[in-house]
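Shared chain: chain A. Partners: chain B in the first complex, chain C in the second.
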Partner chain A sequence: MNSEIIKPEKPWVLTPRQVAPRALLFSLAFFATIFTLNLTSFNGKLGFFFLLFAYSSAANLTYNVRKHGRKAIGESIAGSLILGGSLVVFLPVFSILFTTLQNGISGLHFTLFTESMSEASFIDPIGNGGLLHALIGTIYLIVISAVISVPMGIITALYLTEIKGPGSRFIQFVVQAMSGVPSVVAGLFIFSSVILLTPIKASSFAGALSLAILMIPTVTRTSQEVLLLVPSDLREAGLAMGATQWKTVVTIVVPAARNGLITATILGVARIAGETAPLIFTLGGADKVNLNPFKDYNSALPFYVWKGLSLGTPESLARAWSGILVLIVLVLSLFILARTFGSQKFKK
Partner chain B sequence: MENPDLLEEKIMSTDPNPAASSSAKPNSLGDISATRQANRQPGNRPLGSGLEARGIHAWFGKNHVLEDVSLDFAAGTVTALIGPSGCGKSTFIRTLNRMHEFIPGAAMAGEVLLDGKDVYDPGIDVTKIRLQIGMVFQKPNPFPSMTIGENVLSGIKLAQLKVDNKDDLLEECLVRAGLWSEVKDRLGAHAGGLSGGQQQRLCIARALAVKPKVLLMDEPCSALDPGSTLRIEDTIVELAKNITIVIVTHNMQQAARVSDYTSFFLSDGGPGQMIEVGPTSQIFSRPVDQRTENYVSGRFG
Partner chain C sequence: MISSALDGKMTPGPREITSNPRLSDKFFRAIVTSFGFSALIILTLIGAFLAVRGFQIFKSEGLHFITGFKWDVTIDDAGEVTYDMGIGAMLVGTILISTVALVVGVPLSISVALFLTFYAPIRIRTFLISIVDLMAAFPSVLFGLWGYFVLMPMATYWSKLLYKYLNWIPIFDAPEKFFERSPFIAGLVLAIMIIPIVTSVSREVFAQTPLDRVQAAYALGATRWGMIRTVVLPFGTNGVIGGAMLGLGRAFGETVAVYTILNLVFRPNWHILYGAGGNIASLIILKWGEATDLETNALLAAGFVLFLMTLGVNMGANFIVGRTLKSGK
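Up next, the complex of A and B:
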């Protein structure tokens, strides 16, 4: 009737008729998987996914060969391998998130974020005490080491990419060597050079210093990568308008690399948020809230988790899992915060 | 890495007296200035500055790319530099506003005089030179993190200049660059959303905002379609009333359309040289040098 009105179409989208045989084959593979699982010694989630993947790949291959002939063999196998590869990458990530959520959720309770462990023990019933002290300790560590490493890392990256001044090659070498330093060595270094030799004793600040050693190379190298992506004709355009190099870097290069520099910061924080080893020597460990980052022992979430795991009772294990969950949520919300804050300017 | 001292020595030995060697060149500067005098309208004093290049040589590392180029750009004129790729045109104009020195391994010899003062004088503030000699590049390069309006005024911020009325300046520059009517309703939008031709006119507006006396254009239309090219040519003709323009182009029709003087560059495998310079009509109708005639008539070789 409305033949003169042309409707928008998507001819490249598969019609239900084209999808049906593939869906049928997939469900066949699914039932075959369950059948095999029941008959053989294969079992568990991993076995299920593995068999389902193998069967559906085989089914897909047969279907494609029937439909498109021999030339579809390589195509189909390559497609399955790529899909399999990405599953291998994604499975552990989702597995970690899922397991943490599953185990950690039982340890969540109201006083978790309002109380410390100063009047409770790890083997007490779950409802006693909380991890406020560890949460505050971790936030102190992240903030202090970020305040130290982000400016240092970005300025080093600017020196290496923009100024290319004397010693650039040596600094580049040092940065690379630093990113290979085992984290426990960073802790030992601060212990022997700061805690033993200066008035600064084991505290949040000392812990943050050791984490900064790990964070600086990450921030530097990522910042360098993103600064190199800024096209050089933008720098030339700035210089050609009578700007000094400093002005060009500040008003053009850094804003152009802004999002990348925020990513560099996030990666740096991610690098250190879960570190435990350097804190053994530098943080001390405490069970009560310590609001002074420069004095006295403090705790951190990884420390809290480690303590809970080492005791091994059901209550302490549940506490450890909820500590991991809180740590993941904390880091994740920092990411989201930095991302939204970083891209705000481009939304108007 | 090149040893700067050695390079210096080499420069001196190749060209002990740049000024002297340039005056010995056949394309005498006297002829040009005579023509310019004839062309100049009485009472119509141009606002731009004169620019003079004397005996310019340029090197990249050990590679001698430009040999003894002397050119006089009179105030308020448009000079087109033509010639095949690799003959040193772009290198030459980059020596004029001291952009040449940003390329690693670059070296040069000779003098560039802006209103009679050498821009390579050690006591001179190089950022002031680049402020007076603006540049438009081959590829449109608006700043991606800034809006259209911010792009135009970026030079004010970069060079830390004081301006009384930014809105007036913004409008003036965009009008002069022939872009105002197209962007006046979206000055707050990002420059990346403009077409290639609009982006290039935005870059011209940006260069104009710092009030340069000379504008260097390095193949400004090579990435643009014919329509945008014509618009930019109109802009160039309009701008030439107030400032001195040097334009590198591969498009000979463009050189013929927009320029008062044309200079032909050529490299015979060695360093690039300036073969001939003269009023544009003369270069295209009765050039002195056979090589120029071959090039402008399309019988190149």
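Up next, the complex of A and C:
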């Protein structure tokens, strides 16, 4: 017998013969762009990208029309526009990450994570002080608002998926509306209710309350999606074994969706970690480490950045950039964590 | 026997099938239900508190609070407080900036959504989707910093170009050649900020396009663009509109990024390239620091107006998106 293994064919993969003319056309467009830039009054990055886009689209169009006839006109133009539009969207993301890294690294130093700003000012040379107080403040904010909003979010999601009570469609609608509440309004609400009317003054706790308002809808919607993915066989099996509904939910449904619920929590935290606006009304802003979350002003990373930004001197801006670098690293790692938990499927 | 059963009186009705929940389940349901309604309670409380605090201002200023263009509080020698507060200019500015954001952001979002759904190879697709999601998680203060230091120098140059060649169109005109910190630049930053939400809603809707229609279009010999034009776009239009409205809600409420970039001025300005604009959310943090009690209440009233605006837009958007997603199933 012939034991030769047949190599699978991949007819959709472009052959070198198909790639060559496109690469040739693109390089032609590239050289034409440089040529035009040097000869005419077009200049700058904008001119370069615009001309390159125009030339390569035109080249593609001519090629496609020669090869496939007139019906390729729309196809070719639309393809170029869609690709160009997507590039325009993804460029800023890389630009943002790059500038943060570039500007943030110059502000990094050894005492950044071990000292607060209690004995330094934002306009001092960069080596003085650090953002320990802001880091502690942010951790307080994250923990407290998670403690408040994760149970509320998950139980609301349970109401929407398990009980499916008479008001669940309405509640769904309300939760969606709540996710659109502007962060500044959440801060104003906590200011006008908690800070003005109760003994709790501007502090980590008040700040966390305003962030919880923003976090609840995120947690609810993500948990709801995850709970809907739990196979209803599991629920029916639990009920058939004679368990009551709450036992089924607590011992079967929630554990089955555990990873997804963790993802929901992390996404909620990522949503609020960088919020600045509500903290302006509720946090006060301190320059030294404050370990009591219920009393006295406190700081947070976004607040630290905000302060550095509003002072506007080179040193304070360098502090702002390094603060945003720490914040972005935090958000990025939360994000990767959420992905790893989210990608694990249900164990069968 | 049989006849007596048919007489009627003896015939038992169909047995009612009930599941009487146990006590523990009743508790469980009661607790979960009460938590379920917490979102409604919070939303109502937000509206109620802001409205009550702002009531004094609404009462004394009336409709003028919405239409007035000034923000003056003066205390004369006798200690008498006179004030004239109106958020008209800020309202105009908010709408102007959000419009710029939508005009720039929505077409880009649609092209990204189409690219991700129909053009990108699968490996790149998952990576790019994570990038779009990551974009949504960027802190708004970062957008402010980046917009001010990186985008503004470039965008000022673009503004000059637009002014040079298009100033015969009224909105591209400017009373003075001051192009920094303009609504146009703030709108560009907002456009980048709303792209993730508009993209993800549009992508969700495009992915719901009935497969049989897509295949039918291909079977009739449509090109990829032909298929998108005749099947995907007609199906997804409502969803895209809903997504754009969700983006509009975000744009209305965005605070820190806009405040960093925009030059707040208390007069209405329709020239998008001219460096003077307004934004309700930015007004609130601009005036917050040195606000008297009276002004604080006025700012809370402004917050109430903002809350109503975003709530209205969001509810409309969710209604439209929900209907479109359902129609695909």
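Keep this in mind: the second predicted complex is superposed on the first by the 260 of 348 C-alpha atoms of A that agree within 3 Å, B and C clash if a C-alpha of one lies under 4 Å from a C-alpha of the other, contacts with A are read in each partner's own complex, and residues count from 1 in each chain.
In this text, a residue touches a chain if its C-beta (ideal position, glycine included) is under 8 Å from a C-beta of that chain, and two chains touch if they have at least 3 such contacts.
Keep in mind it's a predicted model, so treat the numbers as computed, not measured.
Of the two partner chains placed around the shared chain by superposition, neither chain B nor chain C is touched by A:Leu108.
Within the superposed three-chain model, A:Ala243 lies in touch with chain B and out of touch with chain C [touch as defined at top]. Look at A:Val65: by the touch rule set out above, it reaches neither chain B nor chain C. Contact with chain C, but none with chain B, is seen for A:Glu275 once the two complexes are overlaid on the shared chain. When the two complexes are overlaid on their common chain A, residue A:Arg339 makes contact with chain C while staying clear of chain B.
Contacts of A:Arg258 after superposition: chain B is touched, whereas chain C is not reached. Touching more residues of chain A than its counterpart among chain B and chain C is C. In the superposed model, A:Trp321 makes contact with chain C only, not with chain B.
The contact surfaces that chain B and chain C form on chain A in the two complexes overlap at residues 244, 247. Of all residues in chain B, only 97, 99, 102, 127-132, 134-135, 137, 139, 141, 143-146, 154-155, 157-160, 188, 190, 203, 206-207, 210 touch chain A in the complex they form. Within the complex formed with chain B, the chain A residues making contact are 231, 233-234, 236-244, 247-248, 251-252, 255-256, 258, 345-346, 348.
Taken in their complex, chain C has these residues touching chain A: 21-22, 24-25, 27-29, 31-33, 35-40, 42-43, 45-46, 49-50, 53, 107-112, 114-116, 119, 128, 130-131, 133-135, 137-146, 149-151, 154, 157-158, 161, 192, 195, 199, 223-226, 228-229, 246, 249-250, 252-256, 260, 281, 284-285, 288, 299-300, 303, 306-307, 310-311, 313-315, 317-318. Interface residues of chain A, counted against chain C in their complex, comprise 44-46, 71-72, 74-75, 78-79, 81-86, 88-90, 92-93, 95-96, 99-100, 103, 151-152, 155-156, 158-160, 162-163, 165, 167-168, 170-171, 173-186, 188-189, 191-193, 213, 216-217, 220, 244-247, 249, 270-271, 273-277, 280-281, 302, 305-306, 309, 320-321, 324, 327-328, 331-332, 335, 339.
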